[in-house]
Amino acid sequence: MFDKFKEECGLMALWNVPEAANLAYLGLYAQQHRGQEGAGVVSLDRESGKFCVHRGLGLVNEVFANYDFSQLVGRAAIGHVRYTTAGGNQLTNVQPFFSEVSTGNVAIAHNGNLVNAEALKKNLIAEGSIFHTTSDTEVILHLIAQGKNKTARRELIFNAIKEIKGAYSLVILFDDSLFLIRDPNGFRPLSIAKLGEGYVAASETCAFDLIGADFLRDVEVGEVVEIDRDGKMTSHFPFGKTKQSPCIFEYVYFARPDSQVYGKNVYGRRKAMGRKLAQEHPVEADVVIAVPDSGVPAAMGYAEESKIPFELGLIRNHYIGRTFIEPQQAIRDFGVKIKLNSNRDCLEGKKVIVVDDSIVRGTTSRKLVKMLRDAGAKEVHLRISAPPTTDPCYYGIDTPEKSQLIASHNDIEQIRQYLDVDSLGYLSQAGLYESVEAEEGTFCDACFSGNYPIKPA
Amino acid sequence: MFDKFKEECGLMALWNVPEAANLAYLGLYAQQHRGQEGAGVVSLDRESGKFCVHRGLGLVNEVFANYDFSQLVGRAAIGHVRYTTAGGNQLTNVQPFFSEVSTGNVAIAHNGNLVNAEALKKNLIAEGSIFHTTSDTEVILHLIAQGKNKTARRELIFNAIKEIKGAYSLVILFDDSLFLIRDPNGFRPLSIAKLGEGYVAASETCAFDLIGADFLRDVEVGEVVEIDRDGKMTSHFPFGKTKQSPCIFEYVYFARPDSQVYGKNVYGRRKAMGRKLAQEHPVEADVVIAVPDSGVPAAMGYAEESKIPFELGLIRNHYIGRTFIEPQQAIRDFGVKIKLNSNRDCLEGKKVIVVDDSIVRGTTSRKLVKMLRDAGAKEVHLRISAPPTTDPCYYGIDTPEKSQLIASHNDIEQIRQYLDVDSLGYLSQAGLYESVEAEEGTFCDACFSGNYPIKPA
Amino acid sequence: MFDKFKEECGLMALWNVPEAANLAYLGLYAQQHRGQEGAGVVSLDRESGKFCVHRGLGLVNEVFANYDFSQLVGRAAIGHVRYTTAGGNQLTNVQPFFSEVSTGNVAIAHNGNLVNAEALKKNLIAEGSIFHTTSDTEVILHLIAQGKNKTARRELIFNAIKEIKGAYSLVILFDDSLFLIRDPNGFRPLSIAKLGEGYVAASETCAFDLIGADFLRDVEVGEVVEIDRDGKMTSHFPFGKTKQSPCIFEYVYFARPDSQVYGKNVYGRRKAMGRKLAQEHPVEADVVIAVPDSGVPAAMGYAEESKIPFELGLIRNHYIGRTFIEPQQAIRDFGVKIKLNSNRDCLEGKKVIVVDDSIVRGTTSRKLVKMLRDAGAKEVHLRISAPPTTDPCYYGIDTPEKSQLIASHNDIEQIRQYLDVDSLGYLSQAGLYESVEAEEGTFCDACFSGNYPIKPA
Amino acid sequence: MFDKFKEECGLMALWNVPEAANLAYLGLYAQQHRGQEGAGVVSLDRESGKFCVHRGLGLVNEVFANYDFSQLVGRAAIGHVRYTTAGGNQLTNVQPFFSEVSTGNVAIAHNGNLVNAEALKKNLIAEGSIFHTTSDTEVILHLIAQGKNKTARRELIFNAIKEIKGAYSLVILFDDSLFLIRDPNGFRPLSIAKLGEGYVAASETCAFDLIGADFLRDVEVGEVVEIDRDGKMTSHFPFGKTKQSPCIFEYVYFARPDSQVYGKNVYGRRKAMGRKLAQEHPVEADVVIAVPDSGVPAAMGYAEESKIPFELGLIRNHYIGRTFIEPQQAIRDFGVKIKLNSNRDCLEGKKVIVVDDSIVRGTTSRKLVKMLRDAGAKEVHLRISAPPTTDPCYYGIDTPEKSQLIASHNDIEQIRQYLDVDSLGYLSQAGLYESVEAEEGTFCDACFSGNYPIKPA
């Protein structure tokens, strides 16, 4: 509904933890913002070697409504939430995938996107493989399945990931071990925690908080973490030392503010972006407001730095359903109003600074500006806590085509005119890196810069 | 899920407006926070005299999912959202009620609670009436039905409301007129707006914003507003001048912050409560946080007044479903964690002031405090932006019995100990009245004072 | 789907029987053919005086799917299955109705149709009554409710049924007694059985067989049977001696063949109709077939009498759903084929006698004849085991308007031509009475004769 | 619910027929008795080369309720109904299966059971294949997928079916051709019809009747029928001449009486079995009745031969749902009574011959006998229109284990005593072959004889 980039997936994995499947479900729930169209859990009962699967379309809560977790036996599990992109929203595409392969049973869940999946798939089909999903993740499963009987699991995985190119954080469950993997660029996050005698992994640390696990460390860029039958954790770097480029947009928008991503608190980084934005684009005004909820921390940072009071100028409706029946005589700005209402008393006759984290197509922003003016705002100054998003992502984020990104073919002044704001300021690339306390070029910033660490297909 | 008082109903009414039913549905959606367990719309096609009804259990969006509004014909409609209390959550109790009576067809929707419903019902049954619901609202319908054929609708209504006692904001739709009513105490709100050539009424003005109607005025305390077939609005005061006592808790918690209630912006009043609270109960601290979302405006007011920075110390999960499957080895403070997570970076090693609007049983607050301490808060100072809630409500709010209200049988120090906070401060009664810019005693404050404007049954 | 008259309701009642509600449900299931669009059970726990209700739209099995019968407490219950006619298929119209009236709680279920319901309803509304359903049965409830507090239940009922005119078999449950009633004409059946120490009543005796109750006797025409708190059964005849006219069509089509109706086995009567039909309308042929399933007993009787072999020339599909998606290039006789297929080997090159129980509009019969000819039948002779249906029913059977009844405006030869059969023979009125072993005029045969025992409204 | 063997599948295929998918659905509906737990249709739009799939759990009617057939584009389609046996009732096992393989897209549906599926599957997995279902049919798909790019489709199929052993009637849809296959034993039926310019195939000819297709011939035993892009039909016999053994039980129970199976009318064969049974096991009696519906034709044959009248002594309830809530004080013979009721008037004081087609475990038969005795039958003589079922089937029929078949470890007298009948007679093996007009040994009769044409795994 909002005009935003969309994270495509969230992962969970547990090893040697009681009620693993139930905790996987809760960990997925905490990461629901990373994918709302499908969810699943595969558990492993190590004594019997039995894997159990439950997957479905919809929110975690819908998929597991009234579910009896005693059906997902075992002290090991992996889980996945999914936002559908290519391939349509079909049940067969919901992860984790599970299959019997030459070397035993295996379950896999994937956050990211492979850039060479189509080519690999074509080869595999030519050699007699049958694909049952339209997901690039199934390619990885087939690559693992090509291995021979006696090969160590670790080797199967090394061989498979040497074939694939692109973004992948993976959790892979065998009947005697669990693997946690980040690709050599480390595009997507993956963190490890301790829970009792066992281990937990998740895309975001907010999952650990809910289930009471203690954060240990991130899976490192290019690392393959193996947890074996005895619970011993070993670390492998099959690609050796690589040039990392984790996604900077996790800080800007995707991650929950209470998560620690790449070792740092997201909320803190967003406030810093807001403060920096106030330094780069100051303006005289009466009030700072946010586009809730993602714009709130940056707006608070802007207000703090600028000494202009922060107010709740836009109120979010908490009962948003999936579809609304609009009257034929359309209500002005209906799509925005159904989610947000202006709080007239904070706006009427005021010079308003409104802070948001990004502008994708610009359509929603334009309606919001109109709504603020209708509520009596005398001036509207839009501030964006990131650089202009000029290029699409090929590493696991759902973005429109380049031509639809307003900043891909308009300069700031043109965007300002289109949005009908009195002024418009984006945080600079340098400002963004400063806000996340990193040197320029140490993240993937392709959506702002067009510099793609791996060439898309 | 939260330990709060609950508003029981929200109303909508439209007269001489195209697509009235569709707008009623949207107005109910905007007021969803006033009742989440049932919703309905009755429309009137004045040309044919036909009334159409659609009602169901669940959220507005669920009740009207894929609904074809062309089935709800006409330029007049009333609607209702409901939170179930007595009588169980049955479809038959979902309003608006519609019936054929001696003087024509009539539909009715009610926000409030009658204190003499049982006695009236007993009499009506003794005289041969049959009740089909367990709702007190049906009594009003029967009282109207007792009237004779030739009686003017206005008289039917005057006669009916002179029998009933308690809290009632009513919208009543006849085939030739619409009535908007507030009881002589004016317990519950009801406002009027203009839309094109017609009129709209709603419990809260946020409904007007969504459908683009222009706020006109409140229905006055004890007023019967009649809108006749020609769209002419006339005003009646069948009880003459009365001593008003509208519900002050609408300002504290029930209403949406972007609504104007009793003529004033709710958000502004809540910030004022926070500022006053800071004056009455100052404490040295590093950070002010809110219990989201209802505590946010007061927390911002407290921060503003105290000059202590406001931070997002508790993060709300936006995907809360209705039930969760908890593991058997229960997670500590599960019920709170599923909705809120502590944001450790804002809390660790800090003296924290946490602002909430009310404490009912105290159970949730206690868990929240524990969660803050677990996140490393050095001190926790709880501030409540209203006086202690010591007494139940009998005027349309769902409250626990007196014995379950923690403040009914514990003094402040006892509550402080139970909640395990370093200090606890409630806004005073005087402070609350000052915050809403009114003289003491001009509102119903029975839940704080035990002073009931009308004796409960 | 079939072109038939439709029975509108089936009743169950139990008094002083363990698990009464569960048995009521099974008794309704056995009588499912009497109404497929709604079902309900009201139970009474006599110790607490509590009535419990469960009703829903659909088949008995759907309404009670996964239902927990421990919610329907008590050793007394009444139940109802319903075929919707007037008033639309709404949940509020599903019986039994239950209400609190001046003299206590009462539940009622009704098989039949009142001819003066509209007039009575108008009066009741003028006096202040509120109707919640569009069912004529609610009128009876209101008439009972008019009675005063001290009146004996028996008097309440006598007073009510003296006001109503038309067809009514009723089961009425008070907190201390159960009433079983047939109107003074006895239009619709109602039978009594013994089960353990208690009593059971049902529209058809097949319900007794399923639950293991022993048939005792029919409720007599014009009888009010009262079973009091001590389980004592008394009999009342408030109308004195009346001229009876039970529905003869129960024998022809409505009742299950294994039921005893008005004291006689339905299957036996239907075979007798077939034998008589063979005497009245003999024809040289190779084979006798039936339109399954209702035509089977008469076809067997015809075959027996005529010595022509009976074969399964039409095979019924047992998995008929409610709707079918027909291709755009319509299949010939689709509507019939979906239910019945011709069995070519019994038909090809044969002279075929096909026996059915009735022709209503004639549309289905015509398609069936075509199907038989397509399967190679050399001659098709249609025999109907009842007289031509010329007039609609006003006593609880769903029939089309007179103008739509093919026999209302066509003579036999015209019908024969329309149906394209080689010969057509209907059982005579005298033959029908002989088959049911009764004197002419002792049943209601209005649908064949137009002689209405009570003038319709 | 009944104690019967169960057919596992039904097939449909259409080539060059308008609205192919809609007709496939209707053809499956006509064959619903061959599988009630899942259904699916895959269509092919030859112009675009696009395959479309719709599958689901439940009856055909449920799976396609409100389905929009315009989504299943094209003039070619295959369909499948399924009765679940091994592997559980999961959506992924519902056929037709569809996949992209090295040589293009392919869809497949299978009636039968492979005896070497597990061994083949193991090899395929060892070579890197991934299985997504627990169905033996997926093995065939993988064998086809092993073929190389340039191989003709016909060769792919020959290579695949030379690997598999067991029972298989197959319909296989490529983007340019349709294949219809029966295994070298011809265990399961498959017939071809003409519809307009195109072809239709179905497991049973009753499917042709519904959609108006004209029966052409059976697919012969061991034949591979290929219909190419130009609609030309060619015939191949990759196994040369083989010893056929089609399933004789299709005549006894599985097929619909109105179908032509292996060139003969099923109803006629069943009547012949009844006549032969009367010759082999005559007994003096008053009445012949059937266990409906499958026992009816044989009972009619028995009556015809014995000159004892055939009556409807057991009446079937037509509204059987899937589950029933039984009272705790169980009703005697509940499980039988819910489906069948005795018709006392035909039974009381009579010597009764009851005809059924088979006895599997004997539990239901025993209850039926008791029900007949309770209804007053003086003597009960049970006649079975087939030999004793002593051995399980491994060729696509769901049968209990050998130990559960009552005739596997009891002689006739022991069974007679267990069932408590006055006499018991089974049709002899010779009598059965005579009834189907075939020489002994020309069918698979393993369930009667233990002579398995192919050794089970």
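Letters A, B, C and D mark the chains as written, and numbering starts fresh at 1 in each.
Just so we're on the same page, contacts are C-beta pairs under 8 Å (C-beta built on N, C-alpha and C of every residue); 3 or more make two chains touch, one makes a residue touch a chain.
From a predicted model like this one, the values you see are computed outputs, not experimental measurements.
Centroid distances built from C-alpha atoms place D farthest away from chain B.
With each centre defined as the average position of its C-alpha atoms, the distance from chain B to chain C rounds to 50 Å. Note on chain placement: the centre of chain A and the centre of chain B lie 37 Å apart, centres being C-alpha means. Rounded to whole angstrom units, the spacing between the C-alpha centres of chain A and chain C is 62. Taken residue by residue, chain B touches two or more other chains at no position, since every residue touches fewer.
Chain-to-chain contact here is organised cyclically: the chains close a single ring, every chain touching exactly two others.
Touching chain pairs in this entry, ordered by label, are A-B, A-D, B-C, C-D. Contacts from chain C toward chain B in the complex involve residues 91-92, 99-102, 125-132, 138, 141-142, 145-147, 149.
The touching residues of chain C, when paired with chain D in their complex, are 18-19, 22-23, 25-26, 29-30, 32-33, 36, 59-62, 64-65, 67, 69, 206, 209-212, 256-258, 265, 267-268, 293, 296-297, 300, 304, 309-312, 315, 317-319, 321-329, 331-332, 337-338, 341-346.
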